[in-house]
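In what follows, chain A forms one complex with chain B and a second complex with chain C.
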Partner chain A sequence: MSVDNVASAKANSDVEQPFAALGLKLDEYERIKEILGRRPTSSELAMYSVMWSEHCSYKSSKVHLRQFGDKVPANDSMLVGIGENAGVVDIGDGWAVTFKVESHNHPSYVEPYQGAATGIGGIVRDIISMGARPVAVMDPLRFGAPEHPDTRRVVNGIVAGIGGYGNCLGLPNIGGEIVFDPSYQGNPLVNALCVGTMKHEDIHLAKASGVGNSVILYGARTGGDGIGGVSVLASETFDADGPAKRPSVQVGDPFMEKLLIECTLEVLHAGLVEGIQDLGGAGISCATSELASNGEGGMHVWLDRVLLRDSTLSPEEILMSESQERMCAVVEPSKVDAFLDVCKKWDIEAVVIGEVNASGRLTVDWHGEQIVDVPPRSVAHDGPVYERPYARPDWMDARQADAPTAERLARPNSAEAVRETLLRMVAAPNLAAKTWVTSQYDRYVRGNTVLAQPEDSGMIRVDEVTGRGIAVSTDCNARFAALDPYRGAQLAFAESYRNVATTGARPLAVTNCLNFGSPEDPSVMWQFEQAVTGLADACLDMGTPVTGGNVSFYNQTGDVAIHPTPVIGVLGVIDDVNKRTGMEWKTAGESIFVLGVTRDELAGSEWAHEIHGHLGGMPPVLDLAVEKNLAEVLLEASKTDLITAAHDVADGGLAQAFVEMAIRADRGATINLPEDQDSFVFLWSESASRAVVVAPHHHDQALVALCSRYGIAVTHVGSVDDTTELHFRGVYGGEVSATIDELRAASEAVLPKLFG
Partner chain B sequence: MSSRIGVVTFPGSLDDKDAARAVTLAGAEAVPLWHADATLHGVDAVVLPGGFSYGDYLRCGAIARFAPVMEPLINAAREGMPVLGICNGFQILCESHLLPGALTRNDHLHFICRDQRLEITNTTSAWTKNFDMNQEIVVPLKNGEGGYVADERTLDQLEAEGRVIARYLELNPNGSRRDIAGICNEAGNVVGLMPHPEHAVEALTGPTVDGLGFFTSVLKSLVENGKVLA
Partner chain C sequence: MARVVVNVALKPEILDPQGRAVQGAFGRLGLTGVTDVRQGKQFVLTVDGEVTPAKLEEIKHIAETLLSNPVIEDFTVEVQA
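Here is the complex of A and B:
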């Protein structure tokens, strides 16, 4: 079989090449020719096409993402910043934590099970390639309308895929989100977060240093799956009548991934590795060019040595394949045998495919013919950068003016109507219990899970001796971002920050998964620019750096984009997990307080969405100084044992927060609604920066004093009862009661009925 | 001298560290055993932990059953060494014919993870001595293929001989025949259990600490059998 090689590319410069079919634009193709001083070989074209894709090169987002680097808060906990596989932060006692969230949106719509499964696989390899042991995963998910017939297919496939892969990998799934909105009908969002821990000295980077060192490819064999996944799948909009894209989705093998985790940690801890990189999007093209580009600049690869599942694969396909469960390591020649021995112990195939050199070029041979000869930086880092036009769309004015006032949307105004609304809201798919999903995930494995859903954040014990631990939360109300992307991104960050603080952990660092429509639409690009700026400003203000993240564009079908969905993950540290604060109120007679101010803020709320299908107005106001002070109150109250339970107030407002605490505790309470406030607004407003806390009666004064020290409004609203009923008193002059059994039944029946 | 309890790691074992932690908290020494070593390193008892050995490929436990470590383990079990198989370990014990019956796909076809109420129905086996008859406990359950099945005669025999060691209460989570959560062999030294007692050994991370009873039971039985000094 003859292949297109460098010699023939020099000799025949006029050959017509399928750059457009590979997702490259004409000017990008011209630029490749300029870089090489000739036309690319078909293998080089394959490499550039995947590495210069939107998914790998961030060509549309780069100019905006720079803000995360420019607006870095003074924070000495950052050990490794943006640009590596995942950022690393110091959590004390010599421990470091790495965490990151990534999208696997497009594959998960085409093939939900494998798309979601390999999403976990990819993020887990990012974490191990930093030298960390993965300790937990979380999945922020977005689906279309619950009653739409296709939603059932997507939900069942994605949930089974996450469970099927994650459970077999031995990582506890400790939280995430499940949100339904028609905006995601043709573009479900599957974001996967993984967090890993290590000692400082175990941090590793993706770098091919040391001339003469061997490049070893190990793990699963390379097959024909996922070819062009990043370029033709993740970097284009779905067409209603386009060809099926299933061959571009990878197929996962979680058993191999589990072996890969153990094998990789063993070679790293044995000091056998100089540099390491996982193979995900863009496969071997990405791993070799990034390793070479980050190192001393040269690498030679014998591509015919790659172990294949399918011997008929062409070199171009091998370079582009996104077969899962593969890793690439740079190893000193004297340590290669020891490295291969560890692979053998774990029954993992490994082969030396290349060598680091000082040529400054990445060269690839195929059975003695040179098929690639490129400057590695031009592939990995110097891809195109677009200053895409962006503009605030005209329709924003009308959308923001359409506020959900009492005149615009009918509100309940009697005790009976409030009770009816309460039962409807509890059974809203976005608020209903997610047990049907989370019971399909293992939350216990590894024995260090301190908190898992439905708690406000997932919490993991890192050090079994000292009790040092971490908490992670991910959040985003995309309706807020649709109303105002700048504030929406800040509100998502604030909620995540608050969720971490609510459990007693100090927020430390931020990751993000920015899910948007097509960057070629100036309105979408404006939403993106606004969201990034909002998040960067908020992180600077709050002192929590962005340590890494992911951008997913082209989440749209035809001209219709998803709601801008900047999912924000916040990581916090807690000195002793035994001091954590859960959401369950425990003891009758304890006082219930609302921290923060409740305003008439229903725009973008779950109530407006669920009851009226309405989206308009301005999202809740956010004062970051207040948010920070609220977190200080929650942290100090937890540390000094002032409070026995705490719960964030967000989707569904205070009504939902009280219901969730009661169901969790299987214990009732009596809530006295403030006389100076409208009952409906008190119960369902989604004002930011609020929490419900519970304290023993004799701590009431100390808690009020603590709040006043930080300028946080505090309202005593009731007490925990020794009953199984939840009572709301002073509801438009009447009382609303519901049994916990009734509330739980309404909440837990929803998902099984829709998808079971 | 404290008891030495081995925990086997197969490729794909996931709860091996958890089982070792439970052994340690119960007061014994946990000894890691490697699937490819055909030796038990002189341990007094063995735990086969949960997980997905060999990815559950072919059939749960079907490949692990042929691991080199299984030969000395099967021999020792036949001679009376206490062996506890949890979840995937239970599946391996059935595949090894140390226990009768088999574990099949959950009747509802989903993986399920929940805090499960159990009733202890045997207080003489090596791993249940420290419980009271009909004691109710809560431990995590997590499996995709946990439905216990056997022919009617075997089920009758297990019940008649008191070899059902625990039953599911309130809800049968996987379609197990006669609500069986765990069984033992005739001698009572080999126990298979689908729920995960190793995840209920610390109040911080488990729903209860009820699971510890299985691990303290085996220490008691080792002392009674003169294997180790009290």
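Here is the complex of A and C:
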């Protein structure tokens, strides 16, 4: 079999090459020729095409993402920042935590089960390549309309895939989100977050240093999976009639991944590794070029040494393969045998495929012929950068002007109508209990899960002696972002921040997964630019650095993009998980308070969406100083035992918050609606920076004093009682009651009925 | 009465973890020389009367939409007298 090699590329410059089919534009192809001073070989073309794809190169987003680095707040907890596989944060006592969220949207639409499963596998390998032990995963998910016939296929596949892979790995799934909206019909979002913990001295970076060191590929064999998945799948819009291109989908093997975790942690702890990199999108092309580019700059690879599952694979395919469960390590020659012994112990195949050198080039041989000779930086880091045009779309004015006023959308205005709305909203798919999904995930494996769904954030004990722990939440109301992407991203961040603080953990760091439509559409690019700026500004204000993230573009069908969905993850630390604040009230006689101000803010709310299918107006106002003070109140009240429970107020407003607390506690309460406010607005407005807290009766004054110290509005609204009913008084002069059994039944029946 | 056999297997380029596990067991049980194992599944359909071309098309349709996942699996349909 003849292979296109460097010599023939030099000799025959006029060969026609399929750069366009590989997703490269003509000017990008010309630039490759300029870099190399000749046409690329077919293997080089394969490498550049995958590495310069949107998914790997961030070519459309880079110019905007710089803000996360430029606007980085003073925060000494950040140990490793953006650019590595995942950021690392100091949580005290010598512990460090790494966390990251990534998208696996397109593969999960084509093949929901394997797409979602391999999404978990990929993010877990990111975490282990930093030297950390994965301790938990979370999945923010977005699906199309619940009643659409295709949604059932996608939901069932994705949920089963996440459960199947995560449960086999033995990682607890401690939270996430599930949101339904027609905008995701042809583009479901599967974002996967993983958290890992380690001691400071165990942090590892992806670089190939030390001339003469060996490059070892270990893990699963390389097969024909997902070839070009990155360049073709993740960087191109689906046609309206569904995925036309069906590249071979990657199939994951969680049992192999489990071995890979243990093997990798053992070689790292034994000090056998100089640099390490996981293989995800773009496979060997990505791992070798990034390792070489981050290190001293030279590497030689004998590609024919790669262990194959299918011996007929061509060198181009081997370079591009996205076979799962593979890792690449740089090891000193004297330690190679010890490394291979550890691999053998874990029943993992490993082979030395290359060597670090000082040539400044990445060279690849295939059975004695040189098929690649490139500067590694040009592949890995110096890809094209686009200043794509962006412009605020004309339709924004009309959308923002269409506010959900009482005249525009009929509101309930009697006690009877409020009760009817209450029962409808509890059974709205976006608010309904997610038990049907989360019960398919193992939430408590490893024995360190302190809080999991449906609590405000997931919480994991890190140190079993001191009780030090971390809390993580992910949030995004994409409807807010659709109404105003700048504020929408800030609101997503604020909600996530608040969710972490609500459980008693101090927010420390931010990660993100920015899901948008096509960057070639100036309207989408504007949404993206606004969201990134909003998030960066908010992080600067709140003093929480962005430690890393992921961008997923081309989430659109035909000309219709998804709602801009900047999913924001916030990580917090708690000194002792035993001091956490849960969401359920505990005993009769406790006082219930609302912290924060409720305004007439229904634009983008769940009520407007569920009852009226309406999206218009301006999202709730957000004052970050208030948000920060609210968090301080929640943290101090938790630390000083002033409160026994707290719950964030977001989707579905106060009504939903009260319902969730009552169901969780299986105990009733009486809520007296404020006389000076419209009952409907009080119950279903989604104003930002609010929480419900519960205090033992004798602490009421202390709590009020704490709130006034931070300038946070506090309203006593009722008390927990011994009944099994949630009772609202002063609802348009009447009363509304619902039994907890009735509310729970309505809430829990929704998802099983739709998808069970 | 005729029988139609539908064989479903993962496409050759797709990883087959179950097949690999079986192959691993061969080694442990002392069977050497087996370099690869691919596992699939078989559906045996018993059909009333003759398998007409129209009936066969129907079965092929079912094989593609229900019995297999065409994204990651191939199938064959075979009529037995």
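For the reader, a short list of remarks on this structure follows.
Please note the rule applied: the second predicted complex is superposed on the first by the 749 of 756 C-alpha atoms of A that agree within 3 Å, B and C clash if a C-alpha of one lies under 4 Å from a C-alpha of the other, contacts with A are read in each partner's own complex, and residues count from 1 in each chain.
Here is the rule we use: contacts are C-beta pairs under 8 Å (C-beta built on N, C-alpha and C of every residue); 3 or more make two chains touch, one makes a residue touch a chain.
As the structure is a prediction and not an experimental result, all values here were calculated from the model.
Contacts of A:Asn167 after superposition on the shared chain: chain B is touched, whereas chain C is not. Residue contacts after overlaying the shared chain place A:Ser323 against chain C, while chain B stays out of touching range. Of the two partner chains placed by the overlay, chain B and chain C both lie in contact with A:Asp253.
Touch criterion met: A:Glu111 reaches chain C, while chain B stays clear of it. Look at A:Gln701: by the touch rule set out above, it reaches neither chain B nor chain C.
Contact with neither chain B nor chain C is seen for A:Ser13 once the two complexes are overlaid on the shared chain. Legend: residue contacts after superposition of the two complexes on their common chain; A:Val445 is shown touching chain B, with no touch to chain C.
The partner that reaches more residues of chain A, of the two candidates chain B and chain C, is B. In the superposition on chain A, A:Asp225 makes contact with chain C only, while chain B stays out of contact range. Look at A:Thr405: by the touch rule set out above, it reaches neither chain B nor chain C. Within chain A, the residues touching chain B in one complex and chain C in the other are 253, 255-256.
Considering their complex, residues 110-111, 114, 220, 223-225, 246, 248-253, 255-256, 309-310, 323-324 of chain A touch chain C.
Chain A makes touch with chain B in their complex at residues 160, 163-164, 167-170, 253-256, 258-259, 346-347, 438-450, 461, 464, 577-578.
Chain contact summary for the complex, chain B toward chain A: residues 11-12, 14-15, 17-18, 21, 51-52, 54-57, 110-114, 140, 142, 144, 196, 198-199, 201-202, 204-206.
Contact residues of chain C toward chain A in the complex are 10-17, 20-21, 69, 71-72.
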